[in-house]
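Could you have a look at this structure, given as structure tokens, before my questions?
Lettered A, B, C, D, E and F in written order, each chain numbered from 1.
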Amino acid sequence: MNFHTRKWVKPEDLNPNGTLFGGTLLRWIDEEAVIYAIVQLGNSKIVTKFISEINFVSSAKAGDIIELGIQATHFGTTSITLTCEVRNKITRKSILTIDKLVFVNLDEAGNPTPHGKTEITYAFAGDRP
Amino acid sequence: MNFHTRKWVKPEDLNPNGTLFGGTLLRWIDEEAVIYAIVQLGNSKIVTKFISEINFVSSAKAGDIIELGIQATHFGTTSITLTCEVRNKITRKSILTIDKLVFVNLDEAGNPTPHGKTEITYAFAGDRP
Amino acid sequence: MNFHTRKWVKPEDLNPNGTLFGGTLLRWIDEEAVIYAIVQLGNSKIVTKFISEINFVSSAKAGDIIELGIQATHFGTTSITLTCEVRNKITRKSILTIDKLVFVNLDEAGNPTPHGKTEITYAFAGDRP
Amino acid sequence: MNFHTRKWVKPEDLNPNGTLFGGTLLRWIDEEAVIYAIVQLGNSKIVTKFISEINFVSSAKAGDIIELGIQATHFGTTSITLTCEVRNKITRKSILTIDKLVFVNLDEAGNPTPHGKTEITYAFAGDRP
Amino acid sequence: MNFHTRKWVKPEDLNPNGTLFGGTLLRWIDEEAVIYAIVQLGNSKIVTKFISEINFVSSAKAGDIIELGIQATHFGTTSITLTCEVRNKITRKSILTIDKLVFVNLDEAGNPTPHGKTEITYAFAGDRP
Amino acid sequence: MNFHTRKWVKPEDLNPNGTLFGGTLLRWIDEEAVIYAIVQLGNSKIVTKFISEINFVSSAKAGDIIELGIQATHFGTTSITLTCEVRNKITRKSILTIDKLVFVNLDEAGNPTPHGKTEITYAFAGDRP
């Protein structure tokens, strides 16, 4: 799994108990997963269709650096399935895992349409020169 | 199920395709569910432990009014399980359902602790006089 | 008065003195009142015309749950007048009251237009099935 | 009246009808008025106590530059009363006026305390060298 | 140099170390400079082209009031060059200086176009009646 | 140069002309550079000291995916110097370059203190297993 996007947990991201607000974390994950799906499918018209069970393993506090890891696990005809892990960048301790996030590829009219992809395209996904 | 909190979908809530950004919706749901759990358990030190499958049924667009419905479905010793539906306030069309959101009741030290509740407390949950 | 929308006061909502920032509270009220007016008038093209005296009775702090109550008090030909109270969800202590918020119903061209409503429509305002 | 703070109306500030969201404007005004009061009273522990009638004269759209004008109109023993006008920076057309905003000067314990000021202090309010 | 816009540093503006987040300060400066350029050039279609060295002299903390000063220093054919200082409103201590911010005047098609201005226009820049 | 964090340009990130607001971009860069510096120096108490000339090469629009690249170029005794490029993830077209961003390593009291690092530490910077 590649870990790309990182976040620095700031006061604006906290809940009143002083830990990372779960809703903020979910917002970050959804954006990162959409980005991954767009890059893989080469189409920006994509919708979130399904998110499987979310296990909150540990929390984060102000000043922590977290990183979001996404990996494609299945290419359907009109969909792509991703898996996700969020972890503390320094300690590598897991914060949250999501087994499946399913996105659907849409045409201009907003209907599901085949994307023609069957495997991870490294040319766009990585950070190579 | 009671529908309390409403949101007016504004430009700041949209994804680049012009529909409600999924991550923003998840953030709204997490806040509403935490509020429901705090009110039911009478304790504000609560953490999100688990969220079951999320089904995105339909989307919303700028100007839509959506409402968030939460209902307790199970009281564990130290946890509470909620179910959630988000729908369009005007058309009542479902936008998203989540079968289970589990929150854990913590003591001051951050450890799970019994909450002593076994059923929905209407005195705090409703909008009666 | 029905209390629908609830907010969990988070660090991002505080002023530097550590209490709920008044401007944030006013933003929440304006959104809730617009939602109420849209639901009652069945038209989303509505503008805030007038807000009467605002009395700040008490404040709120991080972790408080507040709820926003709105009630229609007068239906004009092209306008609707609402009254508002914000209170602490747990203690029911009043935080703020506003006697009158007046919204005007607009047509597509942005001119005031009769809305044809004369009383509160419960079918859309409540959380009944 | 001095007009200091300016805002550039961006998409994030709009309501779904494409005009400046009233709640956002109220948030901007509250911040500007608090700043004016803090500078005049030389104390940052200040609370909003009362806001008189708000008249929404005209709206603003994306790309407009608006400026916020505040002026002290009365110095009470523990309070200060301000008046406010928001206008379009280019056309100088009025957007909103508020006759009175009353702030109360607090001591460390949060109780009203005399501020000892009786007139506008230009040394801190202006933009002179 | 005229100091117009002021900000009240709130918890949402802080980094995890409890001081003003540099990125938030840069965002405020860019907005204020764009506003100054729009007012001077009488055209809202303007882009940031270049920002010279930024020296962070001191920081700010929650509750500080800061003010942003901008001054035009050069009028090119299609561009305008500004200089900027941010300082603490109360102590007048400098927080940051930027020698040059260059903005380019665009036509409807997005191409650089002469703005016809050669000096600071006080009629629009000041707060005179 | 490694490109880690990605952003999906959403309506909330736009200026009124419909392109990515420069101030938002600067905010993203500052956060990513701080994260890189913290990871390299193994210390979260770090301040931005200096940012060299910023060249805005091209813009971005809603729906674009941009990625932020940072690389350490010099390790001083108490400082670290980074270089930055922001580019469009799909087209790889450059959006902005910054030659130098200097951060200073602080001790608990907030004074500059030696960090003891002399080269890039890949163990924490990369996305290897």
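We take it that a residue touches a chain if its C-beta (ideal position, glycine included) is under 8 Å from a C-beta of that chain, and two chains touch if they have at least 3 such contacts.
By chain, with names taken from UniProt: A, B, C, D, E, F = HotDog ACOT-type domain-containing protein.
Quick caveat, the model's predicted, so the values are computed rather than measured.
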Chains touching both subunit B and subunit F: A, D
Remotest chain, subunit E as reference, centres from CA atoms: B
Chain copies touching (subunit A, subunit F) - same or different residues, decided at half shared: same
Chain centre separation in whole Å, for subunit F relative to subunit D (CA means): 36
Length of the line joining the C-alpha centres of subunit A and subunit D, rounded to whole Å: 41
Subunit E and subunit F: spacing of chain centres that average the CA atoms, whole Å: 21
Residues of subunit A touching at least two other chains: 8, 11-12, 15-17, 21, 31, 34, 44, 63
Chain-level touch network, classified as line, ring, star, complete or other: other
Chains grouped in pairs wherever the two touch, ordered by label: A-B, A-C, A-E, A-F, B-C, B-D, B-F, C-D, C-E, D-E, D-F, E-F
Footprint of subunit B on subunit D - complex, ascending: 11-12, 14-17, 21
Subunit B residues within the subunit A interface of the complex: 15-17, 19, 21-24, 26-31, 34, 44-45, 47-56, 59
Parts of subunit D lying in touch with subunit F, wherever the complex brings them together: 8-12, 62-63
Subunit A-touching residues of subunit F, taken from the complex the two chains share: 2-8, 31-32, 34-35, 38-39, 42, 44, 63, 65, 67, 69, 89-90, 124, 127
